[in-house]
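Chain lettering (A, B and C) follows the sequence in which the chains are written, and residue indices restart at 1 in each chain.
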Amino acid sequence: MTSNVDQLVARAEALALDMDLSGVAAWKDAEPARRVIGYLPVFAPIEIITAAGMHPVGIIGGTDQVEIIRGDAYFQSYICHIPRSVVELGLSGRLDVCDGFLFPSTCDVIRNMSGIWKLEFPDKYVKYVDVPQNFDPEIGGNWWRHELTSLRTDLRELGGVEISDESLWEAIALHDENRQLQRELYDLRSDRPWLAPTSEVYLMQRAGLVLPVQEHNELLRDYTEAAANSDRPLMDNSRIVLTGAFCEQPPLDLLRTLERAGCWIVDDDLLMGPRMITEPIIDPEGPVGDPIDALVDAFLDKAAAASFIYINEKEKGAELAEMVVKREAEGVIFAAPSFCDPALLDRPMLARALDERGISHISMKYSENTGQFQTIREQAGTFADALKLWSDA
Amino acid sequence: MTGMDCWVGIDLGSTTTKAIILDSDGEILGRGITNSRSNYDVACAVARAEAFVDARFALARRALEGDAALAARAQELLPIIAASFAEAKHNAALVSLREELLIAARNDFYEGWQPALDRVLGEIVDAMEARAHELFVPGADRKSDFFRDLASSTFMQLSEEAADPSTMPQDVLIGMFDKAIIKVENKELEVSFEEHVSQALDRLLAAAGLEADERARAGELMERAVALPLDERGHVGTGYGRARLPFPKASIRSEILCHGLGAHATFPTTRTVLDIGGQDTKAIQVDGRGIVTGFQMNDRCAAGCGRYLGYIADEMNLGVHELGPMAMKSTRKVKINSTCTVFAGAELRDRLNLGQKREDILAGLHRAIMLRAMSLLARSGGVHDEFTFTGGVARNPAAVRALRELVTENYGERKINISAASIYTGALGAAIFARRAEDADESTEEAAA
Amino acid sequence: MTETVPTQRDASMALQKKILAEHYHALAQAPETGAKTAYTFVPGNLTELIRSFDMLPVLPEINALQSGMRKQSGDFVREAEKLGHSEDVCTYVKCDIGMLKGGNIGPTGEHLPDPDILLLSYTGCFTFMKWFELLKQEYDCEIVMLHVPYQGGGEITQEMVDYIVRQLEEQVIPKLEKVTGKTFDADAVSERLALSAQAEDDFVYVLESAKHRPSPIDGYFGGVFYIGPIFSAFRGTQAGIDYYRALRSEVDARIAAGKGPVTPAGEVTNEQYRLVVEGPPNWTHFREFWKMFYEENAVCVASTYTKVGGLYDRGFRHDPSNPLESLARYCLGCYTNLNLPQRVDLICDYVREYSADGFLINSVKSCNSFSAGQLVILREVEERTGVPGGFIESDLVDPRYFSAANIKNRLESYLQMIEQRRQPVGATG
């Protein structure tokens, strides 16, 4: 079914910017037994939530829409912005629709937030999700199996419903599809970025945080088709990869600013959570064995590189460099939220890998509610121009 | 003649130094304020001297108002005397300024500009002396009561007129002033209130149109008030830089405590106090006795302090006092996301370029600043009834409006107290501590140990 | 060296200084002696295991804090920033990078050896992972990750313990064997753990002596010296035992004589304020910071920082009969691996057990692990215990973030506030 691109984008934007989660509330109200589980960035095993018949909701901060009044009383000035807006959303009742919250092991701030949530919202289910930093299937795999199993048990108790292996496989299939559709959209964007600009693609992804996965799949399909067939003029901007750990998200206007400054973002690690697993979990032949094992193996073997995952034997930054090559990008923009340890500590190591390969890069900082972009505009514009002038491509 | 007991509190702030004198009934007898300067001792001495002069006037007022015949004239009489004294001090400062300007011009570096430099400087001061009287006639509209402010604006104007880009650049003249004014400020000027009043009294009373017998009675009452010994029984100092006050450690109290107690004295049922100063912001919780139960400070970041408004005013080429009234004219909500002073200019220009109106942007900025204050208040324990707002920014109507809105939105109805004399809150608290120290000798000594 | 220890010397202080100096010297000699070195972290340090392989532990955090105390860290941090590290990130890491780039001359002026292995004990702090990923690029040596799960649910589970034990058995120990050419000797580890447990008894005794009135020790500033041996290279050693035995008897003597703690300016003779402190101390202005307390006769009776390398005063002791599991439980129990509600509970317990007049948080810019959530801790502890909470801000080793005037202002206001609340109602005001 084809819809007009603008209509789809408008729908996605409305969903993405709905800080009241009214769509989720409507979903929940439709039936009495429904439950909602919010998850903080970056990565959480949301297949299990879907398998439980519950609605996973990505809580990714208030972007530039939420005025922080109480949230600032929870965090000192040298801590990033996202915990403030999340606390603000929580205290103002906008997260009341959630029955539980998952706090993944993204960094010490998100980690400690799990404790804040236990103290401030003692009636809600709160689980800290500790991804394995050991990748031996018998050791780290075992640990991850334990984490996933305890989540499954907890959700069963919360919902009062068994979570069968079958429902798990169904959920994995749906999320596999979701990831596949996002990959295809990214391929389209990389192939013909003027047809699917990041300022739209991002909204398509962010809308997915508040939609049941089936609906998101539909939206992605519709948009990809509509965008591919849209009649937009070709524009020859510089091709760049945007990277930054992206727990705290840049405001939409920042993405627009980059595009207006002459950059096509041809790949990125914005909103990695739902697409952390880079290949299908289910084989083409069909599901085999224990779905939890499949999820465990997927994390160990198929997870994208990320700041919160120990580099182990791999080369730091190699995956980023590969992304640049694969997408035929001309440069990389490192964007980090102010005070973000994961992004800022990783940056010198990632930059080194790029330097060794002769890939140009620049750095910038932002916060989710940055309101003025003059410096970023100039920086990105200069970079885009320089790439055009000096690139060999 | 038996003297009157009094207690002194001094608050050495970053922008202004304040002094309060309390009488034995705990009533405020005098207030003094001066701009803070590099020599803390002098700043304290000047503020204290001002407060004592003010106290004398208070005594004089009480005396005159106590006299049936003179009570009606008291109101017009006292300002005349006050203005006369202020003018005398101003003139003494101008004499000192002349001296210091000429000393500064002695420097070999300026040899090339001599003898014209000496002449021009002398002429400028002559003109300043000629203009002095206008500044002090009753009803005169002075931009400031501080010599530094008055002198520098007049000097700026006169030096511009006298300057010549090739022969006498204004920069050189301004350089002379900058050196000289520091010296002038850090000297204690010997202008005795008592002497001045006794010398000038007769003339002033005549000028006020008093009959001979009235003059005699008024003169007597005034002289008695002026000569009454004021016995300073105790003193307490506080404020930024208070460790440098000329008081023993036992007589120093934290500005948080002084502020809390001073707010309590002014508004006995207050529980939460917000002070937004030039360089820091304090959120204080007090109990029913004015004792602090919790506090939070923002002393590291200009955003949310008065200084931020100063930056904005500079960017917009306005006076700080003009920002509030302009913001009050806003008709559209503009949401400002960041109050970082580093980006203040950029954010402002961006928005003006986008076509947003100055009034609207300013209103948004005021709200953003007060949001910072709200965070601090939340950290300190919230906003409880009654809520007292003190400090320079409390005189800004847009700031007050934003604060009212935010408090109501987040805490419900709260009585918000703002007093015109709130700048003296810290000094008042200090003076009360001085007075309390007498009544609780032992515990004070223990606390100081 | 004298800057880093109080001027009044007790025998234990001299002993501590001696063994630490010897350790740094042994490290400097390592290239000649052939001693292998393992770089690791204070939280989750496996000293007994490392030493059972005759390896020498190196603790970059301690190098950083020592650099801070010796006023060298400012330059190191700036150097790292010039190399592209952000102003926003942990200053321990930047100090270490800066020191490395300057030739890796350690705080005692002696050269620090390159690591033979980076033992990434991933305990209680996200930054540790990044730190050793960075060092791995610099040194290209062996590295082994030990993932210590966070006590997200407020308890240690058997699965957590098993996970750590398996990592030790199948990855950490084999790597140590490979690097040293020696075989794992479980008995040697057990013997050392027995020594650890002994020292831990004395160490806890010393910490808990602060329950006395007056307290014979300062459990924060003084505590920093007391934790040195056990949190660095001397847990499970005879030197460690000797030190804590000596310290314990000195403390007993102080208690018997009714004496207060030793400070750089002499003894505190008139304890006025008993405080529980949360958060690491500032290192660049350590003495100046301490002075602000003892000048006001404020004694820190308990602190959470002295539990960062191991929590021993709630009953845990290393257990020689089950070495690997014991090490696992030790790692899991380190302070920064506790969840926020547990930290609140611990501080509340300290306030009660140590009869504190108040508690104070030193919020450190560099350390998100400690700092994120401290404002919640502040409110919770105040509410539950009724004692006032103070809040000051500084940093670990970046001298630019220590404003003495601001800190003194806040601290004095806080102490005066406590004092005022103690007094009977004043005269009419």
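Everything that follows uses one rule, which is that contacts are C-beta pairs under 8 Å (C-beta built on N, C-alpha and C of every residue); 3 or more make two chains touch, one makes a residue touch a chain.
The structure displayed is predicted, hence computed values, not measured ones.
Enquirer: So which chain ends up closest to the centre of the protein, judged by Cα positions averaged per chain?
Expert: Centroid comparison flags C as closest.
Enquirer: Given the contact rule stated at the top, which pair of chains has the most C-beta pairs in contact?
Expert: A-C
Enquirer: Can you compute the centre-to-centre distance for chain A and chain B, using the mean CA position of each chain? Integer Å is fine.
Expert: Here the centre of chain B sits 54 Å away from the centre of chain A.
Enquirer: With centres defined as the mean C-alpha position, give me the chain B-chain C separation in Å.
Expert: The computed centroid separation for chain B versus chain C comes out at 48 Å.
Enquirer: So what's the Cα centroid distance for chain A and chain C, whole Å?
Expert: That pair's centroid distance is 36 Å.
Enquirer: Hunt down the residues of chain C that sit against at least two other chains at once, touch-wise.
Expert: Expected reply: 375, 393.
Enquirer: Where does chain A touch two or more other chains at once, residue-wise?
Expert: Answer for chain A, listing residues that touch two or more other chains: 73.
Enquirer: Multi-chain contacts only, two chains or more: what residues does chain B have there?
Expert: Touching at least two other chains: 300, 379.
Enquirer: With touch defined as at the start, can you tell me which chain A residues reach chain B in the complex?
Expert: Going by the criterion above, the answer is residues 64, 67-70, 72-73, 77, 367, 369-372, 374-375.
Enquirer: Would you pull the chain C residues touching chain B in the complex into a rising list?
Expert: Chain C residues touching chain B: 270, 272, 297, 375, 378-379, 382, 388-389, 391, 393, 403, 405-406, 408-410, 412-414, 416-417, 419-421, 423-429.
Enquirer: Chain C touches which residues of chain B in the complex?
Expert: Where chain B meets chain C, its residues are 26, 240, 243, 253-257, 261, 264-265, 289-297, 299-300, 379, 381, 432, 435-436, 438-440, 443, 447, 449.
Enquirer: Within their complex, state which residues of chain C touch chain A.
Expert: It is residues 83-86, 88-90, 93, 120, 122, 125-127, 129-130, 133-134, 137, 145, 147, 149-150, 152-154, 159, 162-163, 166-167, 170-171, 339-341, 343-344, 363, 365, 368-369, 371-376, 380, 393 of chain C that touch chain A.
Enquirer: For a test of understanding, state which residues of chain A touch chain C in their complex under the given definition.
Expert: 73-76, 78-79, 83, 103, 105, 107-109, 111-116, 118-120, 127-130, 132-134, 136, 138-140, 142-143, 146, 307-308, 310-312, 316, 336, 338-342, 344-349, 351-352, 365
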